[in-house]
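Dropping the structures in below, format is structure tokens.
You will see two complexes here that share chain A, one where it goes with chain B and one where it goes with chain C.
Then we have the complex of A and B:
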């Protein structure tokens, strides 16, 4: 039995080492991700978003052990920093963004922050899910439940849409970040159906417009 | 090469032969343990290596290795056909055989396709009979031993050995209260021994016996006419219960709670003897329990050999594991996801704690290899059972951590994990034939290598999730 078992361990260890070596090759970095890259990020390398954490691996492990035995207040990032807004802005920062994430840090958004954390890019664009947007279609409800527009130009008023809780219609007319050249329609039958928006969230074609106000950088290292 | 005593050279024991299949212990591994030990040290040897302690099927081989004379060579002298697939076999030896009690069993060893096979069969011989042993055997489509026996002819120079009689939880045949035997199918064999014993000892006071024999169809009755004849002159009652009608549906004859209560009322202070398939035993035991019959008054021969009992457990594990595996694959293929669980699994804290739970589970599966490769052999038997029972729960533990297969390296990890489970399910217990040993030698490296790959990939996964 032992010889058969040792053969099994031998084969298993050799194959495992080959797999780990394969996964360690830099050009195959896309093989070691937790999930598919989000749409548009397919060709990015890991260091586009993942900065090296400060300190050596040994120091990071020591710090985290100290954290576990309550001798340190905060957990220390290991190996790489957790990506945050500044990593996203390195390519996507725009002055004319309609929903700048930093605005959600204002006190009036406290309740919304507790619910969906809109102050973080990753709350709606969680990476490694193979999609474009990970938020729900009805996310507007968290901030716009009291929306009333004076001289409302559309055939069914915004007030009525809010009253009827038609939250999935918002994005049918309005591009959330406002980066597309498109004029919101005034009639409901001209709006983009929610299933098309949903597909866009999942990585489908852009239904708003192909003309964008600003293009994102291809890489954060681009001048 | 170890030659078997008193046999010619066709069938031999090889030092490399597996003696205990439950724990995959080879003969040469036991040889080193028995040096300087006497035959009555068998329990300490078995405890030391764990062999013979799981299903007990190989205990007799341990005794043999320790120098005890356990086998008596016999020849087939009579074969009778009792039902379409049931035959009785009479074996005689050159020397007087050790007297047996009614209802005891023997282990028969025969050289089939150049290897020694063992099976346990209940004796149908009257007690005290020393001139011959008789067993009654039903053939099964995939039964290596039963089919070999059924093809046997009288006078063929086959090499067959029988053990001394075994089994001690047997009802006495000289009590005054009635012994009610609820037996089904081939489970009538111990009852045959009881009746034959009583009919031979009719000059002394014998116990009243009631035999209730259940069969699916009338054609499956076994030695019914003989039993009826013997019942005429003794205090014996025999009842044949045919439980299925011509359209294969169950009929009113089948034993149920009400009928058992009627038996109990009509025969107060009786003892009960049960023998038959596991489902039959389970049902009748529960009916007797409801009828408030004490367990002290119930004798059970569960009709299966210890090996087949182990196989029954293995099949139970196999089906549970397979069903859970299919359920996991289906829920992902059909996207039958629960929103609350998906939300939970996307949270970092949940990922960490369910991941730790998953890791602890996997480490617990490596206890068996640890006990086998270290010198903690006495823990092997328990570790083996736990390994099998825990192993089949793998899809559930995985599901708690993730309901998806993942992509790229995570997909490789998932597939390797389930490959370990699948190879585990199709283990040597489910492949019970003469090819078992060669199958085992190919199966074990495959199962272990998938397990090792899984652990390496999990190590890599932990590195990735803590780094990024």
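Then we have the complex of A and C:
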């Protein structure tokens, strides 16, 4: 190999090491994230959602090399764990939730799980997107296609709304998690228009109510 | 072959890396499923959790809801709402337990369903309909592997144990069936677990987490009664609703449960 090639490799290695060192500085954590924090999470540090993975870095590298040479069955998570529902519950656990995610693990929801994975918080609230909700406005269609209400109090029955596939109207009256103190209107002209809901999903003002049943924790580490 | 300084440097670097990773390396991380020991069938696990759940729910239904209603306590399907001053109905107590299980470290799933549920979301679909028909016929639990969810599954009959169950379901405005009778099979509890066998340590952890879920569900109730503003909160102590406007402290409720459940649980735990 020519000396200029060695020089190239050397410079590459040095630059790589410098980048890694820069990225490991805590005050520069925003350089490491995949994208903008979601609304309400702007001031969180990485360890609010990402638990430290088991073992030291040395053990993790060792385990993954063992995995590569088939000396180990499973891949070892490196540095930080991938967040799961429990990490979300650490701040957002709500006993009143009308759509508790774990209920979607029930066998009957198999088809819905295959389509939108509602059993995972991140399916609707994918982090690092700079918004509040990443789901579609018409998501209710996946479970409520047979909804019929006895003595339905609204001017256009739920059954008719379902028949006409007016799925974007659902969230105009009902907030998904039921965490707002608001009485669903009985008249369609009182419902929240879907463009306002869309803006709320994107991080805009809360159109349901500012009065919430349960408030989120500011940090998972508070008592 | 000629070896120059750069080659030597690279060899040295890889050598140091190998020493760092393998020679000087700390103890290797254990595999996730490295728990070893005598293997117990998941069917036995299901029998134990179903037995424990049966005792906890029966005690809740008979001694808290049944006697509590006579003593003046209230129970409501919307009990979680701040404006409703009431405790959870039996099916909702089970749902509380299921929620706490979901938040625990064990992969045990619990659901309640029926062919005539009050809430349509609890209506059985697919293979659960077939399994439940069999339960109605022979009153025996069903065990199978569910390919769709990749979980070992058990369904146990859920029987109307006290008149409060029958009365509430027959009188509820959304009930699709209004002629329930005492001792009818009103539905089934469905349990899910991902492994075919467990070690005894794993099984004990499952029992421990399940009991912890019962405790947390019960504490949710006592905390709710303490927040009552418009009605007098019941006295929490060592007395039961059968003795008046009282509810037992969580420790008292659990002590009674443990006394009634543990003998059979131990018997099942010793089965190979």
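Annotations
Rule of thumb we're sticking to: the second predicted complex is superposed on the first by the 183 of 223 C-alpha atoms of A that agree within 3 Å, B and C clash if a C-alpha of one lies under 4 Å from a C-alpha of the other, contacts with A are read in each partner's own complex, and residues count from 1 in each chain.
Operating definition for what follows: a residue touches a chain if its C-beta (ideal position, glycine included) is under 8 Å from a C-beta of that chain, and two chains touch if they have at least 3 such contacts.
Being a predicted model, the structure only gives us computed values, none of them experimental.
Of the two partner chains, chain B is the only one that A:4 touches; chain C does not reach it. Of the two partner chains placed by the overlay, only chain C lies in contact with A:59; chain B stays clear of it. Residue contacts after overlaying the shared chain place A:34 against chain B, while chain C stays out of touching range.
In the superposed model, A:46 makes contact with chain B only, not with chain C. When both complexes are overlaid on chain A, the residue A:75 reaches neither chain B nor chain C. When the two structures are aligned on the shared chain, A:108 is found in touch with chain C, with no touch to chain B. Of the two partner chains, chain B is the only one that A:20 touches; chain C does not reach it. Comparing which residues of chain A touch chain B with which touch chain C, the overlap comprises 1.
Chain C contributes residues 6, 20-22, 25-29, 31-33, 80-82, 98-99, 102-103, 109, 111, 113, 120-121, 124-128, 146, 148-149, 151, 153, 173-174, 190, 192, 220 to its touches with chain A in the complex. Interface of chain A with chain C (complex): residues 1, 6, 54-56, 58-63, 65-66, 72-74, 76, 86, 89, 93, 95-96, 100, 102-103, 105-108, 110, 143, 146-148, 150-151, 213.
Residues of chain B touching chain A in their complex: 18, 24-26, 29, 346, 369, 372-373, 406-410, 412, 440-441, 444-453, 455-457, 460, 464-468.
Listing the residues of chain A that touch chain B in their complex gives 1-2, 4-5, 7-9, 11-13, 15-17, 19-20, 23, 30-36, 46, 50, 78-80, 126, 130.
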